[in-house]
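The next block holds one structure in the form of structure tokens; read it before the comments.
Chain nomenclature is as follows: A, B, C and D, assigned in order of appearance, with residue numbering initiated at 1 for each chain independently.
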Amino acid sequence: MNKARAETFSDGVFAVAATVLVFAILVPDVEDGLLANALLAEWPSYAAYAISFLTIVVIWVNHHVVFDSMDRIDRPLLFLNALLLLTVAVIPFPTGVLAKYLQAGHDQQAAAFAYGLAMSSMAVAFSCFTLYARRFRRTYVPLDWIGFSFGLFLYPLATLLTLASYRLSLAIYALITIFYLVLPILRERLAGSSD
Amino acid sequence: MNKARAETFSDGVFAVAATVLVFAILVPDVEDGLLANALLAEWPSYAAYAISFLTIVVIWVNHHVVFDSMDRIDRPLLFLNALLLLTVAVIPFPTGVLAKYLQAGHDQQAAAFAYGLAMSSMAVAFSCFTLYARRFRRTYVPLDWIGFSFGLFLYPLATLLTLASYRLSLAIYALITIFYLVLPILRERLAGSSD
Amino acid sequence: MNKARAETFSDGVFAVAATVLVFAILVPDVEDGLLANALLAEWPSYAAYAISFLTIVVIWVNHHVVFDSMDRIDRPLLFLNALLLLTVAVIPFPTGVLAKYLQAGHDQQAAAFAYGLAMSSMAVAFSCFTLYARRFRRTYVPLDWIGFSFGLFLYPLATLLTLASYRLSLAIYALITIFYLVLPILRERLAGSSD
Amino acid sequence: MNKARAETFSDGVFAVAATVLVFAILVPDVEDGLLANALLAEWPSYAAYAISFLTIVVIWVNHHVVFDSMDRIDRPLLFLNALLLLTVAVIPFPTGVLAKYLQAGHDQQAAAFAYGLAMSSMAVAFSCFTLYARRFRRTYVPLDWIGFSFGLFLYPLATLLTLASYRLSLAIYALITIFYLVLPILRERLAGSSD
């Protein structure tokens, strides 16, 4: 099984999923004079779009790092990769739910719970994929426990927290994404290397 | 005619078709307090999405195996490839029909029949593509009769079975996908090779 | 300017345009017991989808042949390529118009005219692109007058014919696509070469 | 971090964003005999589609030039690239808003303002990306001040001008795109080089 073509297909799914997220932002249908306010009132859609977009970019970068570390792949890995892509390609749906109900002003808790559940599934699928992939690594690389457990425990935790406060959960979802965007930059800086 | 660019185009169609499947799952439009139940009631959409997504992945993997086995391609092969891609790219439509009417609670039979018809067309197109492609194989490879006849006979059979029980048909559609996902893993294990 | 990346971008646009065509086929919204008939009544949508899909594949193949024949590209060529891609990416719109109004049973003439106009624009853009590209060909290749004039004159002619009979126009649109699919296969056969 | 895969992902986002723009053009829903007029009345949608499509092509070409000039990339660059792609992938939304409200005949000012804001964000993101990328250039290349300041100052200016006349702003948006399409062709001509 050819590694390169599996990467091309995966890249395609990541890129399309990230780009069709824009359809979670609905073009408002309003009377004369109300468009400006309607566009401002849509800010939760913009926030949901941005968080989901950057989350997909983060998974894509990490997916790429895992693929790069392997010499070869096998069928079970392809299968785990397919499950991971399934959870990535579905993200436009919970993003649309979150955008719609944050704006509607009701059922925010259920929407935030659904969003967290989707993100948790994705984190679980990514962990299975990564752990299985370790057997094909060219060189020994210690498991990135911080990055790993962050997604695997924080997403389910934030999902459960929607029962207490959906605002807190949303803040945690955003922080997880920012954490994953900033952590590797900080590590690069600390390692004193610019590549 | 360049094999590589035909693969790139095909990969693009597979990846986009798999990713836009998510639009078969509709964001529910409900009153205050009803979102959680509405999301739970949408489980047939999630199941239809998952089965179609994994089916597209399976066809993509097999398409890749066929392409890899060929030294060169010709125009008739490109033509058969185009017909195959046409049947793959249409899958979001029967998936949307199935998701909508399983949830609506009526016309499930017609929806399951339409879905099976689409899958059968795809299996026929894939078989024509594969049989024609054999003339360009570098080395003699015995035809995979089990894998082959499975899709070609089981999809039409399950489609006809909707007339008796649409539930049985849906179970068979799901089992075909699982079979194709698991079969190559089992074969790899039996062959005692991890690649 | 790198030829390879221009091809990748173009391939992406072709693949996405072909795949999102499926949204021209609408999931019917019907009462209990009416789905089977509604799906059958949608046959113009399936036909419009198939013709547009195969047309995009034909342009993609020919686009690839032109790109392959060039040593290098320049900025005006990139500009003409962008105009061509613009006319390709828009095809889901006239396809949706045609599908909707053939089914609605009124305004078929206007819909067929709009479809023909879109196809004619695409043929004009492809001709400009091809003629300009000739300056970068590695070896002298006589212009394919049959293939060339076919699209450039038959599409506008069929578009005008909608004023007499939209059915005749639709038949010509379908025949042009079939002609372009079959012609190179016949030529390969006549040349006694299988590649 | 591998440059090639970052380019593939970026190309995918550019190609998908350009192609899904077509959904900003809505299939009209009219009574018998009104389709021709409805299609003519949709010209603002066609114009918005064409301008946004060509703008995405222009950014894609320039993105490619920047990527080509670099030996290697680092994590902060990937991060800036992600922000740029986020502003590119969102373009179908303001394009849809502009198309809808130019046609509706009200709130054109708010729609043109939103469109300009999206284009300005994209110009800012592109400038940050380009400036940071300069540290990885293989050879010293003077900053393209004309091209640079054009987008960075003209987009925000045109956005503010919507408060005076939205028609003027729309003309400027179109002119910026044409300028960026034509400028490199003129430069190539002046340099007496055809590549």
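Remarks
One rule holds in what follows: a contact is a pair of C-beta atoms (placed from the backbone, for glycine too) under 8 Å apart; a residue touches a chain by one contact, two chains touch by 3 or more.
Here the structure is a predicted model, which means the values were calculated and not measured.
Counting every residue number used by either copy at the chain A-chain D contact, under half are found in both chains.
At the far end from chain D, in terms of centres built from Cα atoms, lies B. Per-chain Cα centroids separate chain A from chain C by 36 Å. The distance from the centre of chain A to the centre of chain B, each centre being the mean of the chain's C-alpha atoms, comes to 26 Å.
The set of chain D residues touching two or more other chains comprises 8, 12, 16, 20, 23.
Interface residues of chain D facing chain A in the complex, by the touch rule stated above, are 1-2, 5, 8-9, 12-13, 16-17, 20, 23, 72-76, 78-79, 82, 85-86, 89-90, 92-93, 96-97, 100-101, 106-107, 110-111, 113-114.
Of all residues in chain C, those touching chain B in their complex are 7-8, 11-12, 14-16, 18-23, 25, 27-28, 30, 32-36, 39, 49-50, 53-54, 57, 60-61, 64, 68, 181, 184-185, 188, 194-195.
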